[in-house]
Amino acid sequence: MEKNRLEAFSDGVIAIIITIMVLEMKVTEGINWETLKPLIPKFLSYILSFLFVAIYWVNHHHLLFTIKKVNAAIMWANMNLLFWLSLVPFATAWMGENHFDKITVACYAALALCCGFSYNILQAAICKTYDEATAKRLMTKQSSWKSITSIVLYSIAIPIALFIHPFISGFLFLTVSIMWMIPDKNIERAFEEE
Amino acid sequence: MEKNRLEAFSDGVIAIIITIMVLEMKVTEGINWETLKPLIPKFLSYILSFLFVAIYWVNHHHLLFTIKKVNAAIMWANMNLLFWLSLVPFATAWMGENHFDKITVACYAALALCCGFSYNILQAAICKTYDEATAKRLMTKQSSWKSITSIVLYSIAIPIALFIHPFISGFLFLTVSIMWMIPDKNIERAFEEE
Amino acid sequence: MEKNRLEAFSDGVIAIIITIMVLEMKVTEGINWETLKPLIPKFLSYILSFLFVAIYWVNHHHLLFTIKKVNAAIMWANMNLLFWLSLVPFATAWMGENHFDKITVACYAALALCCGFSYNILQAAICKTYDEATAKRLMTKQSSWKSITSIVLYSIAIPIALFIHPFISGFLFLTVSIMWMIPDKNIERAFEEE
Amino acid sequence: MEKNRLEAFSDGVIAIIITIMVLEMKVTEGINWETLKPLIPKFLSYILSFLFVAIYWVNHHHLLFTIKKVNAAIMWANMNLLFWLSLVPFATAWMGENHFDKITVACYAALALCCGFSYNILQAAICKTYDEATAKRLMTKQSSWKSITSIVLYSIAIPIALFIHPFISGFLFLTVSIMWMIPDKNIERAFEEE
């Protein structure tokens, strides 16, 4: 039951994060091209972040599904993840407002890295409550391969945004997102076996 | 239990969508006719969208009630629906701010169409997890008749808004909403039989 | 289980309503008396509305506790109540922004009346699903006495705000709120007997 | 089951409080030092408040875990706590906007005190529903030691902010937060014994 409330709180926070981002797309009076043009980068960065937060929710959902007991370490690791995710609406709006400027894109990549590390910390805190065999079964090879690829791609997205072109970084963000959307058969199978 | 969390997250997102729309009705100092007049189209578009999102919540509620197992396809089809619904506050505010201008009304109709298609995709993803007989029983004739009518009415609302008059489109939106509010006896009966 | 989701959605909407009201107290740079003075009526109207919405949540909680089955009538009566409650942040901000101007106070009273009637409609929709004896037991005399007093006080608050003084109306609002905060022993006893 | 809904509503309100604070960090166009500089105090005050609200959620979670029955006193004591917590986003934004001005920091400390007292009132209301032995076991010595220290530190933070330096007060806030993050073994042990 304790677990239910951790889920409910996390769901609430993530639901609010994903929804308030739309508030940053400020409505303008007048519908000519001049008033609509600044909305395009904001809309693109909204789509990117919706996808980003949605993927975190889905993975978070899978991860917490495996918990039986919530301890202080899990609770605070979860809070840490929510803190970094709560900065996504700000980073999204900042990037959209400044038309994917290289510094804003690099900051977005850095925030994505922080979220990724926080997720891994939460995963480690959860695995500690299991015996070694279960922990290994849940941390499938494919999953850790995805985690490492994400961290590498986000890391190289920072210098690419600063020194080459921010759009290549945006393309890397999208690549990571699509990679995560492909279902991880191993995890689903592991759940079913249980 | 997995299903509970999908419901909780969807409820959270839809609850936020339906409530933050009211934030777009900006409060003004002064209470003469000049300051109140621009609030009228905003208030009308708020009512329209409240009804629109409320109907989606009720139908979503009925639809998820029938699920027993959540798979990746259902999860992402649900996310896709939530994405389009999350754009409703923006479309509502834009339409209200520009006094039901024909282009904004056409965009609203286009968004309503996207929501409708996303709902059908979710329904299809859920039906796939059932045997054929149950799927058929849940997708009653009346329901699909409603879906088709909605899509036809929203589709013709786009050219009507652009070339005839946006208020006729607004009237079509209201017609669709009232049509959905009339309870679908077949669905309720199907649930009770179960 | 259907009931759980109705509760969860209502809880979500009411939680958002009660919390976004604080966003209307806009932060100002500078901390002298000039910048703080306009915050006082906003803060007072925030307290009034927090109490108002909190009482609705508590009563809604008691009311839905008695339901066994959710039908279409209950669902839409609940949506209707949530619609009127969702306008409370706007009415609160408007009243605060205009320093309890008589027209804004009269509108607030009118909105409170709409919420009151919507609550009674929901109560009636729920009572219809019961046999007469249970319905009577739950609709205790004291409760209906409170409902009638509320409606009478809100009704006379409208002309009082317009023609005498808005602060007397504010005092009436507070009286109604305090009246509802005193626990209704009959209801609690009725629950315990069950 | 009644308890579940109190938890769900509290979770919703706290989740919204913790997330809307990020909306106060207004995005600016332009990414030079001039536009970024005012964000620094806002970001620091955001971190401070995120930690503050997160700790309340964790403790609230532990406290409500022990309840078996919700009565009117618990419900209203909980509402009172949520009211004071709902003012945190305002106090945070005000402090950040005015660069940790001494008056804003003193107000923040006063609000923290109000939250602390409200929490103790809720705790007392819950303990009343228990027999003396259980109440004592749950109100462990360490916990009450923490409560008293918090109240003392917040109380002295007010004159320190006004007459010495607001940054010392900020340091005291951080001290209280870190003190609460260290898990309270007694509580966890008490739960496990049960």
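Order of writing sets the chain letters: A, B, C and D. Residues in each chain are counted from 1.
We adopt the following convention: a residue touches a chain if its C-beta (ideal position, glycine included) is under 8 Å from a C-beta of that chain, and two chains touch if they have at least 3 such contacts.
Quick caveat, the model's predicted, so the values are computed rather than measured.
Have a look at where chain C meets chain D and say same if over half of the interface residue numbers show up on both copies, different if under half do.
different
Farthest chain from chain D, going by the mean of C-alpha atoms per chain?
B
Could you put a whole-Å number on the gap between the CA centroids of chain A and chain C?
38
How many angstrom between the C-alpha centroids of chain D and chain A?
27
Check each residue of chain A and list the ones that touch at least two other chains.
8, 12, 15-16, 20, 23
Would you tell me which residues of chain C are touching chain B in their complex?
Spelled out, the residues of chain C in touch with chain B are 1-2, 5-6, 8-9, 12-13, 15-17, 20, 23-24, 71-72, 75-76, 79, 82-83, 86-87, 89-90, 93-94, 97-98, 101, 103-104.
Under the touch definition given earlier, write down the residues of chain B that touch chain C in their complex.
Per the stated touch rule, the residues are 7-8, 11-12, 14-16, 18-20, 22-23, 25, 27-31, 50, 54, 57-58, 61, 65, 181, 183, 188.
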